[in-house]
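Here chain A shows up in two complexes: once beside chain B, once beside chain C.
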Partner chain A sequence: MPANIWRRMPSFYSLAGSECMKCSSLYFPASKVCKKCGSQEISERVFEGAGEVVTYTVVRQGFNDDSENEKLVCNSPYIISIVKLMEGPMVTAQMADCEPEEMKIGARVKAVFRKISEEGEEGLIRYGYKFVLA
Partner chain B sequence: MKDVGIAGYGAYIPKFRIKVDEIARSWGRDADSLKKSLCVNEKAVPGIDEDSATMAVEASKHALSMGKVQGSSIQALFIGSESHPYAVKPTATIVAEALRLSRGLFSADLEFACQAGTSSMQIVYSMIKSGMIGYGLAIGTDVAQANPNDALECTASAGSASMLLGSENILARIEATYSFTTDTPDFWRRQNQPYPKHGGQFTGKPAYYRHIVECTQKIMEMTSSRPDDFAHVVFHQPNGKFPVEAARMLGFTERQTQNGLLVREIGNCYSASSLIGLCSVLDEAESSQRILLVSYGSGAGADGFVFEATGLLPEARKSFMKVKDMMKNTVYLPYEKYARQSKKYA
Partner chain C sequence: MLMGRVAIIGAGMTKFGQLWNQGLVELAVEANMKAIEDSGLDRKQIEALYIGNMSSGLFTRQEHISSLIADSSGLAPIPSTRVEAACASGAVSLRQAYLAVKSGMYDAVIAAGVEKMTDVTSTMSTRILSTASSQDYEASIGATFPGLYAMIARMHMHRFSTSEEQLAMVAVKNHRNALNNPYAHLRKSIKVDDVMNSAKVADPIKLLDCAPISDGAAAVVIASEELARKACDTPVWIEASAQASDSISLHNREDLVSLKASAVAGREAFRQARSSIRDIDCLELHDCFTIAEVLALEDLGFVEKGKGGKLVEEGLTEIGAKIPVNPSGGLKAKGHPIGASGIAQAIEATMQLRGDAFNNTNSQRILTHNVGGSGATAVVHIFGR
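So, the complex of A and B:
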């Protein structure tokens, strides 16, 4: 898990994706090759975190409670959204501080920094983005 | 020497609250007598996925944005908390990475009970004053712990405040800082223990009051100030009674303390307590007004600061949500959900 967390820090911590220097296509997560024009001239692009809910689902299934494994840090049920960022790319993410009845398609949201998962009481904590209603 | 001060500030208070009435109900205690003795009505509760690091990031985003300073310009980050997520692994590195701060960064986690946020501010202030760095962040952040059914459970809350310090575009100039420190065992938590212990009434006279009063008197002497020289006064807020009584003892009026006194609605955010009060004062202070801040940390110590608001403050804060508006967006929890969210019975 340490290497996995460490490699993904830029995208998980600060919504860092990529931008094609030739055709300006934007990607999240980052892509090393532009899927539109094939260019490998890519630079990092950090997204603001503001967006709109395209769709969402409410997950009511309980999650693994085995403390040896990585466990999500959230209440149950929890909400997974597909968010269209204002810059264009779409992100799949968990909602925070939000009940299912408050959700609606088209709702404006913003990214926040939260705990995503942890390996029990002794292991590492994975931090990253979730979204809250704006 | 150049002026150093606050170039941006930000507070973060979680959305969730629990009322003292609800805590009292669940333990079969008399809510009215608890509220009367503590002068606290409700407290902020973190979301299940929030901790001292996540709240520090949110408060700091606000501070950097207000100061119009890029993370890459920050050369120091000190974080005061008594609830760092790891016993060994810095909170500062997590926050620095999330804010994309400079890799050339002086940083450390500090712990001095509720005082470590202002201790962070003294370190960053000194580094800027000496010319070592240009900008730095000083943070007080806590998810306060309290034993279930202890009176402390009615006040121990969560929150974060971040101060962007620099020597350019200053919103509030730091005139002076002073610390008063003694070995006073009023509140403690041993290694590997989840909840702190406290000395009951001993936390008052020889602890909180002595340190706040001595620190305040000394910094007023250093700055040749009288109580009516300050438009706003903020003391650490372990409950609603102590800071009001300390203000009265020192000759301050209710009008001077009202903008920064938030404990009745959000509880005691430990290291963030006095700094969130300062943020609320900065939301209202006018140009040239002087502000007195005195934190308190059990164990024990008090850090005093005297600020003077500059003409840049009203314009800089204009497009940012005030602390008191932030406090309006709340969801009240029943005790069962609060206990699950706070992992009290995980």
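So, the complex of A and C:
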């Protein structure tokens, strides 16, 4: 498994971000330095995965058409959303099991664990978070 | 410490478009030669070269283009530096050149920008452009670059009732402005319906909301006040050069309907120039997508947040109206060879202030605004005569 995927496994598998021990600011993805107060006293914070849709788009012309390097497992069109997690931070994610007509700003969603992409000819599979309507 | 002023004394650019018979180096050399010729300087007077370029490695498999272009332009052994800030590479290059002269280190340098984009397929260029956003948390999950701006546009429409038609009017205006610009990539008149009916890219963004994928290069000669007064009858003074940074990912920003970096750079530019929006006669704004022009009008303070669409609909951004925006055609119609765009904006400002622009606005003072990525870098320059 390439190191760049292995390194990101915690954040992709369990929505693990960070919390500043000084001022309690929350981050996703994890931030080694608190952008608010500058503290480096940081601990891991796993987010529950419940949230709501802040905005979204239906990507009609995606990366998946002729890319040799990385194939997203869904073909265009697919839905990308920015979700505001219950705890506060926002995350960009694909929506799963959902049609464009069902999407709306403010919709309640929850994180699920899905296949995200396959890399290269040998079909290395990368898993991670997507969101579904709650 | 109070250094002298800094001026643009020469400008040159290639045509923007799908230029199959010109490679990256040829484009950059053409722009450099035209800029030097326009300045009236001897090439031996040029002391340093700055080149804005986003991704020559991914688009053409050539890195180390700083020295390659200096040497090919007959400018070696002067120092040459490539500057990268995604779509703002050009304006950051201009700013580095400005700082180099302002510091007193040099009297004459070139700020250039170049991008050769059409040697790869359009899907590949979509992938390459997405490297301006977070690879780990945006692009790798399928968020294309138009997709990111689409999410901004949808939010803006939701919060302020901005309409898709109002966004389309940005494209219609910029296409109309480009009709007179022989350097423009898209010289074709379009109507609101054409935009509305064009192929969907990422809802609500449609094909004609997007700047095209273009090849091109642009260069300006920057000089100290002393040299500018000696060498040039119509120096264009750089009255402000401001730059700001923000999170690369949209989802890490507090407000999705404004680009904070634009607002910060704008305020700093007005501070440097000791001026305000009332002193600006014309704007060249970063309109990679139509929504981006609306955001810029708002973030720079030319209209209240949320009212940008209305301003465009009322025709107040047309040439001859209250505040002309993108008389060159903008990135939208002039074309958007990424690294060259920020320099091409400065060239339009130069032509406007010299009075030889293709759509003359009789301006005394012009503001240019160049954005990198979905707003992680913003650069604002103010030019006067």
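Criterion: the second predicted complex is superposed on the first by the 123 of 134 C-alpha atoms of A that agree within 3 Å, B and C clash if a C-alpha of one lies under 4 Å from a C-alpha of the other, contacts with A are read in each partner's own complex, and residues count from 1 in each chain.
FYI, a residue touches a chain if its C-beta (ideal position, glycine included) is under 8 Å from a C-beta of that chain, and two chains touch if they have at least 3 such contacts.
Computed from a predicted model, the values in this text were never measured in an experiment.
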Contacts for A:75 in the overlay, against chain B (first) and chain C (second): which applies, first, second, both or neither? first
Mind working out whether A:13 is in touch with chain B, chain C, both or neither, as first, second, both or neither? first
Determine, under the contact definition given at the top, whether A:86 touches first (chain B), second (chain C), both, or neither. neither
Partner chain(s) touched by A:112 [first = chain B, second = chain C, both, neither]: first
Can A:56 be said to touch chain B (first), chain C (second), both, or neither? second
Between chain B (first) and chain C (second), which, if any, makes contact with A:133: first, second, both or neither? neither
In the overlaid three-chain picture, which partner chain does A:33 touch, first (chain B) or second (chain C), both, or neither? neither
Which partner chains sit in contact with A:100 here, chain B, chain C, both or neither? Use first/second/both/neither. second
On the A-aligned overlay, A:46 touches which partner chain: chain B = first, chain C = second, or both, or neither? first
With both structures superposed, pick whichever of chain B and chain C touches the larger number of chain A residues. C
Chain C-contacting residues of chain A that also contact chain B: 74, 116
Would you mind writing out the residues of chain C in touch with chain A in their complex? 121, 123-124, 126-127, 130, 136-144, 146-147, 150-152, 154-155, 158, 199-205, 249-252, 256
Touching chain B in the complex, chain A uses residues 9, 13-14, 46, 73-75, 96-97, 112-116, 125, 127, 130
Touching residues of chain A toward chain C in the complex: what are they? 4, 8, 27-29, 54-67, 70, 72, 74, 78, 80-82, 89-94, 100, 105, 116-117, 128
If you look only at chain B, which of its residues touch chain A in the complex? 15-16, 47-51, 53-54, 57-58, 85-86, 94, 97-100, 331, 340-341
